[in-house]
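Below you'll find the structures, each written out as structure tokens.
The following pair of complexes shares a single chain, subunit A, combined with subunit B in the former and subunit C in the latter.
Showing the complex of A and B:
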């Protein structure tokens, strides 16, 4: 049964989807910006004190804050000018560091992107290899791998990081202990961040593969003379990817949150480290910007996932 | 091991059989199930052999073990096992793979899931051509088109780029058959190839398979439906509990069965020619007022009209059968009758009073009078509830002791032992589940029962038992039945009057005998002509 076409004006399906997507993305970003703003208002104490944080407190700085945040003007104007500033891409100013927040974050995006991409690659590749190698196979390798996955999922990232550091840096000396100067320094942090992802993803993929391999279309594929590897590669894997893609949104959170701990532990520069410092130093403008930036990342990722779904499953395209 | 040459032979007397297996045994040691327990089978080139039996009889496992696909963990043994001219007892994975697709093609039940739903029809067919290198790469697109054309798919250029869900059930099944015959196998194994299809489409697919047979391809047909088998098979093997209980030429087995089980199976098949035996209403007495009536019901979903101006009357103690193919609006009609869906136009009345017009709050107290039995109780039961709780659900207002007595009474009435009280739906057989559904529907002493495909998921012998139970209840209680089914035989078996639906409209309505013997509407005639019939039955 096909879906009924809309009764009123006919809008092309993809356009309707795109419009809906953009509207909801804007709504999410607005909500994130407003939440950050409300948090600033609700924080106990004087707003100027909060924005100053642990930084230098001089009458000049205080005057500047009042001017930049419009604190001498009515509430509504204040809020609207805050949103207006964000719309222009101005994330405000850190009065502790005496620099624009946008500038601070821009300088730290690179290392974090490298770390999270490397960790995501570790997670996806490990999970794929292990799931394909063990799905529907003999009992023993399957048991060993799923036990390892369980460990990777349940052990906190910082413990994995410490163990990795202890073994590969302190004892074996294969990798640098800290810093981000050379590419080798990326290996251990990426592993620490990526292993839990590999654990969850591996379990989901294997379960999806095993379910797909029992479906009638897999029987049909075998009845054509295909070997088991071809059945997995050409048929089962795409089916197994669908639930994995659903989880990708969650991974984004794990990777972003994990970056804070991992960067601190391995002494790497990056957004996580900046966030950590901003929170401990009560640098509110930076914290607010990080909240908005994370929301933007989430929104982008989930739009991409929507697209990925449609690419993988043709049944979603006609809707 | 002397005759190694694969016979690419025409059906000829004395040609070596394609498959010759003696004392086949298939077991699943992990679960301790012995699916096949000593079966012998041979298939000659160009011959159509049918394996019939009810679910769990081992017919599918038998067929799949002929291409080495009995399933994971299956243990297959035989005293002799020759497939495609080779000794299958010595086959490794490589030999089996060479045989699959090339020597034997497999056609499964529902192409919506038997073709990969994420790949285009063209990709699926090309896969066979590529795997066995049937034609050079450049010639493959042309061959795919030719294959689709050969199985009667119109506009093959468009269809190759479409996905299974974009095709109708019949076209999908044709595409699946095209993929099975792409490497020109000598044998097609068809496992319930028409079970998911409407009767007119089923007839087309059976004709297509018969065409392949006429072209010289042997056919191993697996079906629970004896009438379907009768249309096409040369020889029939009747299976029960992993054994063949009867074997012989199709006509003989189906008209003069020797084994009791075969006889029982045949007797259970409802026929489109025999209706319920009921004393005719004495002339002169006025028919009672209808308990449920609909006038000019229409409802649409978006721009699609699901039910279009349908009227009917249902009198106490009578059965109104509603037949039609999938998408004809039968289930929507049931939802309208139940007051679960408000009509866009028209009205349903209950006992002459308003029903569809009532606000839900006023309708709720009257709901006891009209109950439903759905096709699959596994979906309509809470899987965590016990049988006792499920049956007691509509009478939860009764005091506890009275309620318990009533549940026991109801179970007894539908022929279920009291031991089942504590079981959950998953722990019951299909027939038992449907009996529980009937018991639950009867709990509130309804005047009307709406049955939506109540026996479609059941084996034929269980189906007959459930139909008999419904007839018995109706005779005792005078319950009115609105009986919805795509199966004309089943409808005929129970109905006094029949309503034929097509595309949301009632195209014909009348006395069941009239409609089945002297159909007026061309669509009714088409439906009746498409019903597969058992040989030797007076139709």
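Showing the complex of A and C:
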């Protein structure tokens, strides 16, 4: 560090941070792409077998498939050409669906984004409302809510979805089972996906709130004559939010993973369903594209989280 | 809810009819319905078709040269008639002259030739080129309505191929210009009664009626355009969700009903239910004869005797599964009925056979042992192909063979790659499979001959191969019947290399007012929507 030329000192701090972030983001993406590539390479089963499928398997057919997909080239060459094409934004062609992967995913991103955002909203709003309403309150409401949260966390998403469907779609007829365009069709899948998130988040928030409410600053605030509600909203919540925000990275995983189950159950289009189909069919180009896309989402979210920390916790701003 | 939905669709249909000035005179009023299906097709190009579950969609959009009647015979469709030369090598087709593709291209002999040539193009569909078209030599256009096809050798399965989805006629314009030809979709068109106009991947596919359609196969329930003006197929992979969607009126038809739901649907007065057995081969366990323990015929027989299959099927499928007695499904004309009740379910015999085969000792867990090795057999199934609760079925069989005969049957459901690896490494003793080929002979050709693509028994028998080859080349049903009877007796009775379990079936449940639903007589899978109508 000491050997750095004096000019380097003139680079503004925010720029250095930004550059560091971009470099690390690229590194993460490269690592994700490579890990996916290696993992699928090591997974049992030969790509040619997958492409041949269940039907005819003759040397002649195999030779044609090998030539068509360029599988006869050395592994390193294939890996480098894969990275090269990736840099140009070319995600390759699906083995199974015989279409460009970029095109397939482009059609599926929208429904999944809508679903995960709606589910995240359900999770955050429910958790906030319940935590604020029950933190430090009398024992009974708190116990009931806390038990409900435990159920939401422990019951498999699939079961939550089925129960929601049976009650609100098949019996009451309030919401349709499938369809992506209709906003009504989004309600049940968003609930199925968002409830477990609300469960975890609610518990973390309430615990944070209760701890914050016992801190001296809360006592000070109360002594200034602030009502309990204002103490919670203006002072305690900010402290309780930090651990909750840390969990947001984890939610991204839960939501993306849960989308696989939710989309299949509700007959919704989306990345989850495509991924499921691709993994079982060992459709390498699609699986890798999804991995890279997920990594990109993670990187973006963690960058946003960093920003959120700085906003919530003033101590981090100078760091 | 139902009323509102119905009115809404009426309004939409009325609006559509008002927009299109060339709206056809609908045969039974403008109607639409939604049909929930289990499987989303991997491709909409019929030439790439590989999923029996997607068969019902193919003939909405496409027609073939020949169709098959209720009795399985070949009947005219886009081909008005055909002649086969005495040596069985030349087929001369007379084509209809009034057929147009949905993109306006005229259907003629050149179009058929373009389809056949395309299928032989390297890399387009290598499996069809080397199996179904192995005997194909050339197609010649004699006139716009006359096509001559020459084969290198007689092929008894050629007409069956021409009637299959794989030989459905695609517009030559699509073959040349479609952007994603192999994937199919709205820009890969045929001559069929419905036009695919919208596909939302992961959700649904939507068809509108082809108003010009006037070339239904001979023997159809009606002629002219389809009754429905629109049909939507929604992809709902979960059986319980499909049933819920039907009972709550969100869809009008579903296919694929779980055994557990059949009774409640049958007892619902507003719903109808029908099912049909599939064609092809029965769902069977194939014994790997290449290494112990199933290299010993007595052990193969013992496994079959150790299972009380009727009881297992009754408990797993609640009496809705039809037990199989032969590798060939009983819907096939080649099914050998004399095999019924000739084996199975004799526990004493199973144990005697195993004793005789030297598996006399027992280990601490009660499994049989020979030379210090446990009597273990492994089945490896690829998850994408596991349907009909076959995993539960395997567990039931597992429990039985352990209890009755001390056989350690290990069941693994794995991804496709792992399954293929196990097969390559010969690291399995049981392979489970059923095939839905419309001609059972085509399925047997893939499974039984020594060099067959999915010969998982690793059993080789020149005599057997000879019978199969002879039967494939013949177009004489009686001769084929006699040959396939010999084949079935050999593999089921004499050699016991296969354990037939049940005949797969398909189910349709629908609102009572939906009529004209049914099954393809050849495949036993649900028919397309051409004859479907909504009663007033």
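By our rule, the second predicted complex is superposed on the first by the 265 of 319 C-alpha atoms of A that agree within 3 Å, B and C clash if a C-alpha of one lies under 4 Å from a C-alpha of the other, contacts with A are read in each partner's own complex, and residues count from 1 in each chain.
The rule we apply is simple: a residue touches a chain if its C-beta (ideal position, glycine included) is under 8 Å from a C-beta of that chain, and two chains touch if they have at least 3 such contacts.
No experiment lies behind these values; they were computed from the predicted model shown.
Looking at the shared chain after the overlay, A:28 reaches neither subunit B nor subunit C. Applying the stated contact rule after C-alpha superposition, one finds that A:261 touches neither subunit B nor subunit C.
When the two structures are aligned on the shared chain, A:235 is found in touch with subunit B, with no touch to subunit C.
In the superposed model, A:219 lies in contact with subunit B only, and not with subunit C. Of the two partner chains, subunit B is the only one that A:312 touches; subunit C does not reach it. One of subunit B and subunit C touches more residues of subunit A, and that partner is C. Of the two partner chains, subunit C is the only one that A:281 touches; subunit B does not reach it. Applying the stated contact rule after C-alpha superposition, one finds that A:176 touches subunit C and leaves subunit B untouched. In the superposition on chain A, no residue of subunit A contacts both subunit B and subunit C. Against subunit A, the residues of subunit B that register as touching in their complex are 64, 67, 69, 72, 93, 97-102, 104-106, 108-110, 113-120, 127-128, 131-132, 163, 165-166, 176, 179-180, 183, 189, 301-304, 327.
Contact residues of subunit C toward subunit A in the complex are 1, 36, 40, 42-43, 48, 50, 122-123, 126-127, 130-131, 180, 182-183, 200-204, 234-238, 240-241, 244-245, 247-250, 383-385, 415-421, 424, 446, 453-454. Subunit A makes touch with subunit C in their complex at residues 43-46, 49-50, 52-58, 60-61, 64-65, 67-68, 96-100, 104, 107-108, 111, 162, 165-166, 169-171, 173, 176-180, 263-270, 273-274, 277, 279-282.
Taken in their complex, subunit A has these residues touching subunit B: 1, 3-7, 136, 215-217, 219-227, 230, 234-235, 238-239, 312-315, 318.
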